[in-house]
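Both of the next two complexes hold chain A, though its partner changes from chain B to chain C.
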Partner chain A sequence: MLKLAPLATLALMLGPVIAGLAGTVLPAFGYMPALGGDSLSLAPFHDLLSRPGLATSLALSLGTGLAASFGAFTIAILFTAAFEGGRFFRAMRALLSPLLAVPHAAAAFGLAFLIAPSGWAMRLLSPWATGATRPPDLLIIGDPYGLSMTLGLMAKEVPFLLLMVLAALPQTDSLRARHVATGLGYARISGWLGAVLPRLYPQIRLPVFAVIAYATSVVDVAIILGPTTPAPLAVRLVGWMRDPDLAMRFTASAGALVQLGLSAFAIGLWVAGERLVAVIGRARLRSGRRQAGDRVSATSSALAMGGLTAALLAGLVAIALWSFAERWRFPDALPGTLTLASWQAHLGHLGAASAVTLAIAVPVTLTALVLALACLEGETRKGIALRHRTLPLLYVPLIVPQIAFLFGFQILLLTLGIADTLLAVGLAHLVFVLPYVFLALSDPWRAIDPRYGHVASALGASPNRIFWRVRLPLALRAAATAAALGLAVSVAQYLPTLLIGGGRHATITTEAVALSAGGNRRLIALYAMTQMILPFLAFTLAALAPAVAFRQRQALRASA
Partner chain B sequence: MLHRLAPLAALCLAASLLIGTPSTRAETPDPKDWPAVLEAARGQTVYFHAWGGEPRINAYIDWAGAEVKQRYGVTLRHVKVDDAATVVGRIVTEKAAGKDSGGAVDLVWINGENFAALKKAGLLMSPGWAEDLPNWPLVDTVANPAVLTDFTEPTDGLESPWGLAKLVFMHDSAHVSSPPRSLAALADYAARNPGRFTYPQPPNFHGSTFLKQVLAQTIADPEKLSHPVDPASFDADIAPMLAYLDALHPHLWRQGRAFPQNVAALRRLLDDGEIDIAFSFNPSDASAAIAAGELPDTVRNFVLDGGTIGNAHFVAIPYNATAKAGALVVANFLLEPEAQARKQDPAVWGDPTVLALGALPAADKARFAALDLGIATLPPEDLGPVIDEPHASWMVRLEEVWAQRYGAR
Partner chain C sequence: MTDAKPTPAPETTPPAELVFDAVRIERQGVPLIALDARVAQGEVLTLMGPSGIGKSTLLAYAAGFLDPAFSARGRVLVGGQDITGLPAHRRHVGLLFQDPLLFPHLSVGDNLAFALPEAIRGRSARRDAVHQALCEVELGGYGARDPATLSGGQKARIALMRVLVSEPRALLLDEPFSKLDTGLKAQMRDLVFGKARRRGLPVLLVTHDRDDAAAAGGPIVDLSPGK
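Take a look at the complex of A and B:
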């Protein structure tokens, strides 16, 4: 069984991507007989290049994606370095589940509700401080440099990276390493960066790549907060893919390949940056300097972390208020009356959509978790780490923009006769859920000290017993976190649910996006709230799991 | 592990290329034999792909679903899409996969370029069926020629009319005492009140409609619009329109550097007090939004002298629909006087009927007469003349020009 797990995992994860990409690459070079393209040519790329503002779109995708990734990474790392073990850190950790549970679209809406010229912040300040009785004509949402969008992406990626850091920290022995560094006279952050980061970074490197790939190809956040004249590449791609002029499919396919290259290029730049940092870091360590700007780093990371979290939370409060608002006009600081009317009117729809959402997400998440554990356990028993060759494969579903291969995958499912079924939607979700579960689980798992297993083996325990009694408990926190993340990923899927399900399976997310086209803030708020509740429950359970399971195991609880 | 990838890829490719077996085409029901259609429809589930962005419309479709269930035993499922173009894509994909029957879409809410695309690609149920529906004789084809020619494209009975649309403007009378009733006055208003007018960003449907309105009222020879674009004279034809927009844009909301993405967002800007003037394709939209607490009750409608763009919207059945008989029954039900009257009620939706009221029995006439059109709505006689939709090729070219000139900075 265990031997089959890696193959099954790869097939389920990569099969759809490869088949789907084939269905994208061919039209990108002009081949798609159903649309009258029966010879190979470069015409789609010529057409793509002739699109107005393409260079700006590319620059926006690359710039916002890299800036958001770099910002989120820097904040998460410096914050951990400065405050690990402290009260601020514990407070952030307590906030992590709610923050992670917020889908990107909901977070973006919250931010838009907050910082727009007609948003909550301006309402709170008007007219007594600003003198404005009508919203000022300021270009904040959709600014040409994508700053709002970058901020929105950062606000969501910081908690994600912090979660990854938290999941990996127990394996780095960070507190003792820091004590040693402090004993040697290193300042807090400098010591952590020198002693802990080199051990931590390899474990969070893949999540960082996933963040870069996501941020450079994001659609929903870009639609809500990003510029539109022109929009980032991925947004335009979706538009071309859905253009009623079917010939645009060729251009869109070519654009999908360019998007693929762009995301890969962004990661390439990051890897180059890694090299540079490593060189500089080594030089610094050799220089023996024991602090550099520690106080500035600590203060600015605290401000950034606090500011982003506060903005995200205030946005969520604005969403909550809107879901209970009857009428809330500018410049009223608060809605005149709060009412349950919106909730009551849509409770039936919300419940039905939540049921469909969970009917997809729960089996998919469990399948992904079992497969990931089976792969990892098999690897451990064989005593070989496949990581260097398998790792790149894991990124594939995370780097390839969804729209690039979903179209082709849909054709495959149709020919197999299982399109539109819940099973098909589940298979499509698995493509995205598996890598996240694997990414969240694999590094903490591989970092488990193998000597525990050796000792248990020497004491006569069977391999199965070692798995259930030793390794799984050690990995319980990581496994629970991975499952919660998987569930959140599944709940948030829009395009796969819509395209593969033929629109027949109305989840919270497909309903929310459809309604967001209507621009009714109360309804958006209602669905955004529901969209948050499901993953929020999952993360809460995951956070509680170790404490409940390890009531009797002091050390596991402490490291957890 | 990488070497395992090659066989896997080959397998998937083989699967995608070889397994597809063309299935036989489903029997197409004949609406002339209506009892047989009703018989076949009973027990069918109709997946109705329709824009889901407006809760009032969604609630109306829910109501229609309950009615057809009770009357004809047809189950109606509303598949909420954010753009009809996705449905076109869906049908094309099924065609590409050789799925010539058992398709996901049974009925689709459609008009204009989406209809033209499906018709051109032969992806609609044929032969034409709409004019054989039992309720077709009630449709007013004289006053509403748009129910027969969709953006100058003959419908050929491949889609059945559902409602009418007409461009109407709205202003907040709390800020604007006398609204600008011509394009020139509108530009003048924008210049005097910078940042208080905008339009949805083309190729959004409503944004493109605004462009067509400007084109129709600035082009030297409006007759040209009923024919495909003539590339030789296109630049000269649109020059006055571009001159108008060039002058207007610096005074738009956000100086024309950003645009609302759809008409609902435009309406929200009006509610927030960011802009003074908005527009809609539904004459009752403002009243309905006031009733729903989405606009202040000081908003009023107005139209431009010389008329505004108007069209019709339809439902169509894809060539590979699973429940064709059920779809026919639903399309016919949507033309029932009771259904059309309910649809026209601003408290429900407020979408104008396609029926000829004069031809209706007295009881059905009374349903329409009883409707309260709402506080902001103009009476039908004040809606002004209808400017027909230009040929679909104009819209495509206008959107290209707009993207080039204003959409990429």
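Take a look at the complex of A and C:
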């Protein structure tokens, strides 16, 4: 059983990606017998190129994606360099970890509620500062340059990258390296960039690539915050894939390949940037310069970090307020009366959508957890860590843009006869949940002192008994957290649910994004709140489980 | 979970002579450590040498979890039976490390119950056996305690009893006293060696502390380079 686990995991995680890519390539070149395409041609690409505004869509995808990734990366790195180990740093870290569980769509709605012309920020400033008694006629949400979309992506990627940095820091000996640099007379940030970053960066490189791929191909955030005339490429692809005119599927497939190339190109540009920075950085190190605008960098990174976090939090508060607002006239700073009326009126719909969401998320998460535990336990029994070989594979589903393979995967599911079923949606979610569960579980698992297992087996305990009675209890906290993360990832999935479910399974997230065009804030707020409540509940349960199970065990109660 | 399963009649496995027969351990083809030795019942054989020389690797080989980075030849026998082919949990070879490694999720009593052989059946019989073991190291009332609340000396004593109640046929000690205070050290040495001798256990002790070797009172194999 255990021997099969790595194979099963890889098949479930990479199978859909590979099959999906293949299923995209063929129709992209006109081959899809079911739709009458039985010869290879470049017609789909010709058709794609003739779509109006295609160049703008491509430029938007590339520009917003790279800008958001670069911004988030720079903020996370400079902020860590300037404040690592300090109280401000710890406070931000405590704030940001829960924000990571907030689905992208909810965060985007929050930002929209905050910065729209009739948003909370304008209400707080009006009329006393702006003089406005009615919302100004500005195009902020959906601006043609995708600025609010970039901001939304950045606000959500900063916590992700910061947590990746935090996970990698212990292996870099960062504090001592910085002390050495300080002793040699280097200012804080300059010393950190020279002594710690070169060791840190290789470990966060794959997450950075995942951010770039995600930001250049995002759909839900783009629908909520992005421009519409034209929209970024990925949004238009979804439209074509769901077009009643089936012939559009060829164009969509060609577009999906272009999207794949675009994201790869963005990562390529980033890699070229890496080279450049390495050359410049080495020259700088040799020059021995000990200062480089340290104060400016520290201040601006603190402002950016604080500003983005504040915006994210304020947006979430705005969502909460709207969900309880009876009336909230512009420019009132707060709604007049708070009421449960909206919640009560829509409880049935919210409950039904939550039930579908959990019907997908819970089995998917449990499957991922069992597979991850089986892989890790097998690895422990063999005494070999597979880390270096498997780590890049875990990132494959996170780096290949979803839209590039989901459509092709759908075609495979059609031939298997399970298209549009809940099982199919679950399989698609598993592709994205597995890597996160595995990544969250593997480090704490490998950190368990192997001698516990050795002692137990010397006491006569069989391998199975050691797993159930020793290793699993020791990893209970990590397993619970990994499961909560898996659930949060599944809850947040928009594209796989929509495309693989054929629009038949209305989850909280697909409903929320579908509402965005309507602009009914109260209704959007209800769904966005529910989107946050589900992962929040999961993480609360995950925190409670070990606290209850080990309430009489000091060593395991303290946060590990 | 396995308690309910009907198990074959338990093998009685009394302590017996421990033999290292031409054991050679290599790392990537480079010889690391070799041992030919015979440890009689109730005797302590001490392996001396600086760290990094492969003493712990030798113990890992005997106990059955040699890291795959190493390769080993030769046999380890207990009472004439070659145990090198057996899985670790069937070898009946007890282990003590420098850390007590009490399972942090189990109470003190459950740590001992975990080690108790399945042959001791019935809830009350097992509870009595645990209690008796605790009394043997003067910790009679400690069964329900959280291991994290014990002192270093108490943890060390529980770790010792945990090994002993599992009824090993031989004992492997990997620097078991090195983290204890000086006063405690002498006390634990007497306790460990005394109990091992009384039970007739052959003991292989790995250490870099001459006082350990002296207290053990048995033959010494010095593995320091140049010896």
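As a convention for this text, the second predicted complex is superposed on the first by the 396 of 560 C-alpha atoms of A that agree within 3 Å, B and C clash if a C-alpha of one lies under 4 Å from a C-alpha of the other, contacts with A are read in each partner's own complex, and residues count from 1 in each chain.
The rule is simple: contacts are C-beta pairs under 8 Å (C-beta built on N, C-alpha and C of every residue); 3 or more make two chains touch, one makes a residue touch a chain.
Because the structure is a prediction, the values reported are computed rather than measured.
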item	value
Which of chain B and chain C A:D245 touches, first, second, both or neither	first
Partner chain(s) touched by A:P198 [first = chain B, second = chain C, both, neither]	neither
Touched partner set for A:P98, first chain B, second chain C, both or neither	neither
Contacts of A:G281 with chain B and chain C, given as first, second, both or neither	neither
First, second, both or neither for A:G63, with chain B first and chain C second	neither
Comparing the two partners chain B and chain C, which touches a greater set of residues in chain A	B
Touching partner for A:P463 - first (chain B), second (chain C), both, neither	second
Chain B versus chain C as contact partner of A:A419, first or second or both or neither	first
Doubly contacted chain A residues - partners chain C and chain B	none
In the complex with chain A, residue positions of chain C that touch it	1-2, 60, 63-65, 67-68, 87-95, 97, 99, 101, 103-105, 107, 114-115, 117, 146-149, 162-163, 166, 168, 172
List of chain B residues in touch with chain A within their complex	1-2, 4-5, 8-9, 11-13, 15-16, 19-20, 47, 49, 51-55, 77, 79-86, 88-90, 92-99, 104-105, 113-114, 116-117, 121, 194-195, 201, 203, 253-255, 257-259, 261-262, 264-265, 267-269, 271-274, 293-294, 296, 396, 403-404, 406-409
Residues of chain A touching chain C in the complex	382-384, 449, 451-466, 468-470, 473-474, 476, 549-550, 552-556
Touch list for chain A against partner chain B, complex	6-7, 10-11, 14-15, 18-19, 22-23, 32, 34-35, 51-53, 56, 117-118, 133-135, 137-139, 141-144, 223, 227-230, 239, 241-246, 249, 326-327, 329-330, 386, 389-390, 393, 407-408, 410-412, 414-416, 419-420, 498-499, 502-504, 506, 510-511, 513-521, 523
